[in-house]
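Here's the structure, in structure tokens; my notes come after.
Chain naming follows the written order as A, B, C, D, E and F, and within any one chain the residues start at number 1.
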């Protein structure tokens, strides 16, 4: 009776040897998804003290709270970054001091958190001012998925900029799982950014978004086509996603594809399909099943709808 | 070596003082998101006894099961409502007995649970009758995200009606995270309600939905524009979302915006964009990239498609 | 004071007796959702050894790792399948040996896992080759929701084929919760399958998908209408979803409904609405708010866009 | 390589078949040690509300606290008693309704808890008055192992009296593990009982202890010899341990063996070895390596010492 | 059926009102036993870095490790000390700033930890030199209960000296539970202290122990009698336990009672009963059931035995 | 305000550098106490299947149960033994293959478990026959600390014999913590061994115990003196504890010291102090404060008493 079970085990062991590429055995440690997720949760506690904690925080204990949390995050993040560096050796190629580099990268990252807090403050304000259903900033931090998604992406982007492998993507994918909002760590996003509802939003790797931009659920900022090299392999890393200038609003379900530019102050209506650039101040909207554009429109809000 | 870490901590402490609005320190306790989520999970166990529990329930233990669970929920929910009341003092303004009010609100809420169960029974039936893939009501309760989302919203709506702050929104946002279905606690929804698949559904705060309505994934019941006051600030709380009358079906990806009315028995086809009212019995559908309408159609199901 | 609480409990107990269909008391054990989810997590560890584990795996311990994990899964899965068989007695009707049947089904399922690994290897390769943002196969396994969704569905499909009730749907619904990708366990899917981003994807029960197919976020493969029997009840289980032939790509937000066939090598553009079959090599795309088709197009990639 | 592991497993499986008496496979469920320990912990919370809880209890929530805890304990204890009854069928021998009996025994046990609280109040008072190091009754409940041991034994004794198998012994053995104090559930113990320090105390099954008795660490109330039957087997269950009358004090390390009686108000000195009865008012003490006795002594405390 | 359960709850609620002294409801928060135990565990990690941790510690992370652990302990200990201060207001009587006092006491305690480490180093050395079974200092720290007991007592003693209520006793009682060694927080103990095996050791509140003292299992340093006041109440807090001078060894099971002095370098044999002072260099031992003494003995080790 | 905390951290960091021997930083990994404890718990589940498990085991799942548990233990134990080998390099001195050695030692250990089960069966039988309070063998396995202590020691002894460092001592010290019974892994113990109550039992490293021996609480089998070398250092590892021949009973509190031999069938009475050998069949007992001996006594049980 034990034989059948042991046979299955033997076949799986064979499969581990013959079916490669989806095992990770005897290799360098990979960053642990669970560890990265725990660190990300704790980073959110550091960005929004008192909101993600079970108990309230008194100012008398703030020094200890911040010290404990920061040193704990630093210790754990350094471990994961260390693994990430070993996994992807830098271009220099010769023998590196990964421990020192991991410590350096971790410290550099943490020093930027106060700046991240400053920009997140603008995002929260933007949500409060932009949603008639929002009745307090506390509600926004506690219950708006868009704030969580952008907070995680802003941190992941810092690591992406420093060429840390795997970790930033694990961070944003965790936020994607939770919120349905998929922002690549590579995207550059200005202050006062607001995503409402958010499910189905996709923002690609080379997107560039200005200040004071609003985006609703189901919006895609995607690529239009993928250039290939001589051997028919997709060329990785080139600019292929939209540029959204300041003060643009993009309503639910709109799709904007390619390295196009949506000019300052434009409004893209719900469900619009757009694969070309538009000048500043343009209103793009659906009417009678057709996509139409107007410039310098007065009552532009009324034309486009949202949620 | 310790110096660098301590500097970062100091800068974060400075940030907590200078970057306000996204800290919650020394304030009244906020309701704890984790606590509210735990309570919501246990409320689902009370609504669907035997489905959310790890072990099966025997009728001999039903008294103890219900007593234990109800008193546990009561105790914890009262704590969170207490915090919520302190956080948002009532209009009266003078010194209130929050403890007594929290106990009263908690008891009032729990007394409505049998009625919630009665209406959820109709929702489950509606799913069973409406989906050819559904092979049992057990499967629907165990594996249909729409049932979970509507069960949570129906409870959150009771708290919303009693002006309890933050808690109802935390409840529906948890359901949103899990199911991708975002129904605001304010929405009024009749019996026999069915959402299939559900990812991307958004139902706004002032929506009013009748009985026997079916909704598929990606449907938005949103606002069309936000009136502003003299100072350019969005006016909060006014009616701005659709009214869906009895027996309406809305297929995947349809978008309905504004305080419009979809008349009884209408069918809104997939991907349709609709910003005006339609009379009872209307079929709205896409054809050749155009939105078309028919009334009193016979084979209306064939025109619109779904999932 | 205790009286009020006890009254509420009494009313709930009454509700358990009078409002049926949404209780599960004194019945056969249902498969436990929590147990099935834990088993599914561990199955993913077995399919991708080293990726879902907190610690790295050394080849010296591989025998113990695989033996421990396989026997643990076998023991727990057998329990859940046993409950599932009791819950839904087989057609034969007479008294069955459920324990023997559960052991048999469990062993048969596990023996297919090496084959599942082989096909998942092709899915990972397909993602690596198809996404310019993907910089390693490790990143794909660690952070692409599409891989997780398809891995779970491929296993659930094996149980669906053996007529195991409830368990396969709980598995795919868990993946739906995590990834926003809703693939019914009944769908038949060929090798080299790639879903990018994925939020909002719905693939219905009787869909048949060939090899080397690519799907983007928000794509629906749904039913168009539900035939009813003489008594007006929906007929369950008939073929009603699309057939997607080899080498087809379907871009974001496209909707394909009904038992139609998308011919080999076709490309369906973003947001396209399609309720009829198209021959091999067809390009379907939106232009000026209209759906258009071309055949044997050269630069077809440029016409359709994606993400 | 897998072979060696599988051989060991096979030999263990063989051992499970050939070495009986220390397996429990396919038998009636035994009460679960872990479950009984959890129930005992919760019973202590019910006996000493506010002392074993992490958070403080407010009187406004007392109804919910007591209801939740009592119903939870009732549900779980009933399960364990049910198993215990099945494991040891009652003398009647014919087919019993174990479910009803378990419910009855559980309810009967819980109804005695208020009386247990009343007697524990006297034990705490006795500790406070008897130990110069005790500075508050709170300290006694929080930190005196003797109180925990006697509280658990008083409850276990109630179950022992009702002939519930295994559970009472698991309860007192848990207390033994924690405190080093081993009191058999069968021992009858009067009010105002105090054990100081306690490590090494052993109180046998048929001991009878009066009111206002004090015992120090290392005291044994044991049996002297075990009568055997015709076949040389030990006769189980007969009276074989000491009777300690009211107001007796027994100092550290004293050993009293057999069915003897220590008369009211006697004092047994440290390390004394005693296998015979002594009349009321006796002082027994060590002097020059000899055991001596005095009656009606004045300064008797000075002769015996303690801790 | 629910009635019986509700009656029991009602009787318990009545008992909470009528049986006082063993409830803690609506009072000041008591220090939480669980919290104090967690803090004590973490303090042991700080005293013996790398021994109580699951993972090994690298020097590169030492700053973060120490910072995180120290600030975490500081934050939590301050909370418990705060409760302790509220629970027992100081002699001053007027309204105190407990928050400031708790912060002060916590900081003062933590600053003494380096000194505690220095003295524990001598204790470990003493164990290594004194036990032929000890094969490394690592083994002593990992597996000798005496080291754990004395480490906890040395810390608890610091709090006892500062008149912090309840917490030090909870700490030593936790160590008592784990090790069977019961040392009161009040005992003053010199360096190079060694307890072997330890079960049953009791060291009373006003004991004073010199340097280089060795104690074996079952040794009691107790009080001989308790003076009472005019009203027959025990006088609390007076000196009543032994003084053990430097270089004394006390073998297993010996009992020393009262405010006596064991002179420098003496040896107290196993099971000896001693209630009077002995001069320096005395050997006390059992022979033929009698307690004997010798002075300035040569082969004194041979006379007394140990373990 | 942060300064004070950071100063304390700095002083602790200094202490880690200056106070050596009680840190373990940057060294070889030590076996983890927590891991060894978890492994020991699981080994007990393997020795007594069905008794330490929360759920009952059915024979249909026995293969999976044993395979899962054995492979899990093997994997984890091998890790800890690996660390232990690195920590203490073998006498050979040259570069060893620790991974291979750890795998070999682990496999060798596990192959002896069936034999350990066979001898534990005799221990359980001995308890059942020797204690009038024992009413079933189930009770003995569930609630007698002596069985747990001897089961752990028998396993630890196997590792001790193979010169595995630290792990066996951590195992027996865990049992000591739980049961108050301190048996060194080095002790050699025959079959049919029974310890009743057990608190305070100490059995030294070089003790040799025959078959069918019974021991009660507080018994010490210790060393009498420790020979020292030329430099005054204790000589480690020489024979210094008693030999207890077959069929000997030792009652509560007895102390036997040195490399003496207690002849077959002897009875050592309670509290007896013995530092010399006695011939077979001797009864040693206390009478009038004196230790007396008789040979070939008839009613010997009556002379000695126990518990």
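One rule holds in what follows: a contact is a pair of C-beta atoms (placed from the backbone, for glycine too) under 8 Å apart; a residue touches a chain by one contact, two chains touch by 3 or more.
Since the structure is predicted, the reported quantities are computational estimates derived from the model, not experimental observations.
Chains that count as touching both chain E and chain F, per the definition above, are A, B, C, D. When the contact pairs of C-D are matched by residue number against D-F, B-E or E-F, over half are shared only with B-E.
The chain with its Cα centroid farthest from the Cα centroid of chain B is F. In summary, the pair chain D and chain E forms a contact in which the copies contribute largely different residue numbers, shared numbers making up under half of all those used. Of all chains, the one whose CA centroid is most distant from that of chain C is E. Each of A-F and C-E has its own count of C-beta contacts, and the greater count is at A-F.
Separating the centre of chain A from that of chain E, both taken as means of CA atoms, is a distance of 53 Å.
If you average the Cα atoms of chain A and of chain D, the two centres end up 59 Å apart. Centres computed as Cα averages put chain A at a distance of 25 Å from chain B.
Residue numbers of chain C whose C-beta contacts span two or more other chains: 2, 5-6, 9, 13, 58, 63-64, 67, 71, 74, 180, 199-200, 218, 253, 271, 286, 288-290. Touching chain C in their complex are the following residues of chain A: 4-9, 11-16, 19-35, 87-88, 165-166, 169-170, 173, 176-177, 180, 182, 184, 186, 199-200, 202, 204-205, 218, 220, 222-226, 233-238, 240, 253, 255, 257-258, 271, 273, 275, 286, 288-291.
Touching chain F in their complex are the following residues of chain E: 46-52, 54-59, 62-63, 66-67, 70-71, 74, 107, 110-111, 113-114, 117-118, 120-121, 124-125, 129-139, 141-145, 178-180, 197, 199-200, 217-218, 252-253, 270-271, 286, 288-290, 301-302, 305-307. The touching residues of chain C, when paired with chain D in their complex, are 1-2, 5-6, 63-64, 67.
Interface residues of chain D, counted against chain A in their complex, comprise 2, 6, 9-10, 13.
Only residues 58, 60-61, 63-65, 67-68, 71-72, 74-75, 78-79, 99, 103 of chain B touch chain D when the two sit together in their complex.
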